[in-house]
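When the chains are written out, they are named A, B, C, D and E in that same order, and each has its own residue count from 1.
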Amino acid sequence: MLSTADLKTKIEAAIPGTTLKLVRESLLLENPNDLLKVARFLKESDLGLDYLSSVTGADYLTYLESVYHFYSMAQKSGPVVLRVRTDRQNPQIPSLTALYRGAEFQEREAYDMYGIVYEGHPDLRRVFMWEGFEGWPMRKDYQQEDSETLEMADVAWLENQGVKVPEPIKAKAEELEKQGKRALAQKPGQPEPQ
Amino acid sequence: MLPLTLLVKAGLYLIMAISLLAAVASVSLPNIFHAALALALALLGIAGIYLGLQAEFVAVVQVLIYVGAVITLVIFAIMLTNRMADRSTPAKNSLGAACLAVAAGLFSILVRFIRSTPWPETTSAPAPGTSEIGQALMGPYVFAFEVISVILIAVLIGAMVIAKKDNPGEDAP
Amino acid sequence: MTEKTFSLHGAGDMDTQTLEINIGPQHPSTHGVFRMNVVLDGETIVSLKPVMGYLHRNHEQIAENMSYTGSMPYTDRLDYFNSMSNNFGYAMAVEKLANIEVPERAHYIRIIMAELTRLVNHVSVIGFLLNDLGAFFTPVLYAFREREKILDIFEEVAGARMMCNYLRFGGVKYDLSPEVLARIAGILKKFPKFLEEFETLLTKNEILCMRCQNVGVLPAELAVSASVTGPMLRASGVNYDIRKADNYSLYERFKFRVPLGQKGDVYDRYYVRILEMRESLKILEQAVKEIPAGDIMSKKMVPFLKSPRNFKPPVGEAYARVEAPKGELGYYVVSDGTAQPWRYHVRAPSFINLTILEDLCIGQKVADAIIILGSVDIVLGELDR
Amino acid sequence: METLDQIFVLSKKGILDFLGTFLPEWVVTLACVAITIKAIAVLGPVTMMYLTLMERKVIGRMQNRIGPNRVGKWGLLQPLADGVKMLTKEDIVPHGADAVSHFLAPILIVIPSLLAFAVIPFGRGMTPVDLNVGVLFFIAVSSTTTIAIFMASWGSRNKFSVLGGMRSAAQMISYEVPMVLSVVPVILIAGSLSTNDIVLAQAGWGGLKWFVFTPWGFFAFIIFFLCGVAECNRSPFDLPEGESEIVAGFHTEYSGMKFALFYMAEFMNSFTVSGLAATLFLGGWQGPFLPSWLWFFLKTYALIFVMIWFRGTLPRIRVDQLMGLAWKFLMPLTLVNILAAGLWYFTEGAARWLITASILAGSFWLLTKLNRGYTPEKRVYLFAE
Amino acid sequence: MIFGTGILQGLMVTLKNFVTSYFKAPDEGGIFTVEYPEKRLPEKERFRNFPFLLYDKNPENLRCVACDICAKECPPKCIYIVREFDKDGKPLKRPAVFDIDFTVCMNCGICEEACPFDAIYMDHEFEIASADRHAKLLYHRDDLLKSNEYFHKIRPTDASAIDARRREAEEKKKAAEAAALAAQKAKEAAAAQAKPPEPPKPAAGA
């Protein structure tokens, strides 16, 4: 099996204009837009990496990352790890579903958990969370909603369902509303978020 | 034995009344599914009348053919095109008076025929059993029997041709 | 379908309405809370959209706030049918991350436990597939009779029947006593007889063949491109078994073969699982015979048994994968040097094998969709994570 | 022996004579009818209750478990417990349900199965109503259940039950035709439609000259029994209430006593169909030593055991295969069978056996060849190293 | 192969099982189910259900020293410990409050592994169902306490191995103390000879 270094040179030779960086025996693709070209090369070249084992999203505080593990079923050869980075504000990565059908659900999961938008994905929807869910649960800065204290929206919803909300809870909801804060659950061991 | 025959006659009249009512209901009920069920009840009533006249074979065949097959296919049709059964179709239409007149006219003609034909008073021989009917079908009426079977085959094939979907590839059940 | 109307002088095509039904979360044969939004035309399926997430516990978020050993019991609850192979995968990932050496006896014990779970899983899957087909619980109970014997072994060795939590980084928690090994050998002697009976009951059964053959055919290229793995892939004729491809742990020491189907329909998936059980029996016999003596835990890791919180693997990432009974079960662990992993991701075979469920079911009948789902063999704990 | 054989007939005559002493004549005839009706009204539900127990016990034993044994000595009071449970269960009517047909359906499904009891000869001289169109009456009555199933599935306004209703209608119609045609040879040879005459026609060889021992009788028995199983929606053909596919088919929305009525109808149907099959082919109450009614019950319960046995073993058939089996396999086979019975009637001695057996075997072989789609394919499995 | 034979073979299998279920042993096709409340399967020694606290002889001297390691190690965080303080506020080596919430605990056995003082072990008692989900299943210190004899009864080999290890540690500690005492005396004797008039140093802390 080629070592990652000469694999890097091989890819750069085959596809001019792509710059790869070695990150702990995996290849970081500088510019996400030519991911499709690299992936097509990996699949059709003599490397024969026809099997995309897993697509994983990850959050490294300053950027979001999508990690791909390629294998070859024909030659039974080991993992080739490809990483692509995007910023946190509007993360955009081209989707590999056109090349590898297996990536479809895994990209939807990465979108659902990290908010990485995969352009060209047939139907990019949330796969685990329900449609009305806002926020990206697996991001490091995700603050979970406290289920005990009700907010004004919940009180309103309960009222039109015909439920009589007791006074103290409604008072707390209004007070929260005035301060403009969300009812957030404290992570164990972390101080009260300001 | 008088009360027994009285009981049977009363039962017979009851069955006739029920089937009459069911027939009227099957015409006037808004929900088409209920109308089909009322029709089934009416036909069952007719089978009851046959039984009253000791014609068991004809009664059983009536139940088998009409209630077992015809009504089932009527309901099948209703189920398949279920848009019809959902909306209760309006039973009333504007031709109420005209229909009543035509019906009254037909009824009077019928009554005149019933009264004028010489009905035999008591039927001496018991109603024909299955074997007599069998002999008759295979004997004198064998020609009619064969013609009917040919017509049935034609109807069967016609139905299949219409119902067959456009994709001849899939072997429809 | 082209809407060519067949008009017999104006009779027009007999257009029946398509019926949209939810084979929903509460349904007798969806193997857990899983919904399929199916559009039917008569009995044939026009479109099928799987809906998941009813059992989503965010296992990966929990693992990120937990010590490495702390999330070992949680891996039991991923694919609750074979907790031993889940532990196996996770232990291998962290051992690769912190490059820990595992003694030989521990490798043998792990392989014995993994192959026993494969037997348990394949037997139950076939039982449930027959249950979806309508055989009223008899195959399931025959399968459970054998499963009970193996679960008793797990209870004796690990302390719990299904939630074993038995493996630790660097080896296993308890040792296999000679009686347990003898009992395992006893089971291995009786299992083939049970498989015979199971096969005479099922394999040549005309109704099973009618229902399962040429239903839900998965072509090989679609299987590879949809990264399908496990018995489902091998039933389509692709020769890819991670025990042979990666030769992880000590699998290259055991002589066993990989059964391959040809058509890749529900019948092939059923029969490949039976053949795989036979191969697992071979591995188990060899392993139980040749298991070496020696300690069961690498010296380096013994202190961390006592205090899991101060086990801090070096910075880096590792991806290890195991041939779980349902397919390739991979663990991607990124460590930032602290006692809690920075990123922990499980590559769940049930989740990815479902990508092509719609392709398999379109054009088939409702009853086929249920058995295709049964033959794909999903477990919701692993699918939703 | 004679009195034991005629014990029920004599006891009935005793009651009538006793009543005759002080009641007018016409009341006595009414009482005679009332006694028979009471006998059936008791026999029907009691057989149903103890058939449920028999089914759970037999299937339990087939699955190596004991079956209900907590209520009463060997679970004998279990049916009572089920009955009480059914009565006390809340009877939920779905919101949009069509009240009339939802309410009427269970009643209309029980009536035909009770009517069918009238024609079955329980013993010598113990046929409740000796119609000379007995068999035809049975078939006519059992065909009316289709309407009740339609009402049930249409009334409960639930997609699954509509599917179930459609399936059951298609199944009933296509299995009634082979059922009727498979009875024709028996009538042809016995020369009468009345069930009692048919049983008398099998009286030779000391009560063992049953129709099933003739080639056409054997084929007709198999076809009649299969169609009977299909008529009562039992095991290999239980598509209308395929639990694993469409939840519970047409009785999804029923609970409490209404569901119990559906359950009762199914079990009484299976009793009457087995009873009629025993009458037509296994010589009804004909038998060497035991009293006649005991013979009848032994044969009927043997056939019911076979039905339960089917339920314990066989998976379910798909809808289109169900239709295919009826129209492409059973239907032509019955026609050939009628031909064979005719030949049997006009030939004598060895020629009779030879001709009929060869025609039937040949047609069976030819039909299996024609229905290539339903016969299992040979499958080859490769083993990769 | 005639069309129906596959089905017939299958039927024969179930019939065989139906017949053998009457007289065969549980292993070869007889009844393999056990009628639970009356008859029970033998309990495996390593079977682990909810944890319990161990005490020697009387419930007063329990082994737990409220070091809170198990509470930190417990994955689902279902253990809550509060240390006991005596009258004048000095912390004692005893838990005043030791709650385990059995509805949260998943009996994974990590607390048993992590406990350095052999104070908490997994129990075999599993018939603890109760109607009240909240209060009843929150076990406090006294409900959790079980004697060492009970521990020997349910897990003989583990219990005896642990006791042996504790006795050894006991002797080693005593020997070490004895040695330390001897060393202490020897040092004082030596010091006394070197500078007889110097007053003896205050004794080192216990």
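Here are some notes:
Assume contacts are C-beta pairs under 8 Å (C-beta built on N, C-alpha and C of every residue); 3 or more make two chains touch, one makes a residue touch a chain.
A quick note: this is a predicted structure, and the numbers were derived from the prediction, not measured.
Note on connectivity: the fewest steps through touching chains from subunit A to subunit E is 2. The greatest centre-to-centre gap from subunit A, using C-alpha centroids, is found for B.
Inter-chain contacts peak for the pair C-D, counting C-beta pairs in contact. Closest to the middle of the protein, by Cα centroid, lies chain C.
Averaged C-alpha coordinates put the centre of subunit D at 61 Å from the centre of subunit E. Subunit E has its Cα centroid 33 Å from the Cα centroid of subunit C. Look at where the CA atoms of subunit B average out and do the same for subunit D: the two points lie 28 Å apart.
Subunit C has residues 138, 142, 145, 201, 204-207, 209, 244 in contact with two or more other chains. Listed for subunit D are residues 62-65, 162, 312-314, 319-320, 375-376, each touching two or more other chains. Touching of two or more other chains is recorded for residues 188 of subunit A.
Against subunit D, the residues of subunit E that register as touching in their complex are 2-3, 6-7, 10-11, 13-15, 17-18, 21-22, 29-33, 35.
For subunit C in complex with subunit E, the residues that touch the partner chain are 66-67, 69-74, 138, 142, 145, 148, 152, 155-160, 163, 165, 173-174, 190, 197, 200-207, 209, 305-309.
The part of subunit B that touches subunit D in the complex is made up of residues 1-4, 31, 33-34, 37, 40, 56-57, 60-61, 63-64, 67-69, 71-72, 75-76, 79, 82, 85, 129-130, 173. Per the touch definition, subunit A reaches subunit C in the complex via residues 24, 26, 50-54, 56, 58-59, 67, 69, 71, 73, 76, 78-79, 81, 99-106, 109, 113, 126-130, 137-138, 187-188. Those residues of subunit D that touch subunit B in the complex are listed here as 25-26, 29-30, 98, 100-101, 104, 131-133, 136-137, 139-141, 143-144, 146-147, 150-151, 154, 162, 165-166, 169, 172-173, 176, 193, 319-320, 323-324, 327.
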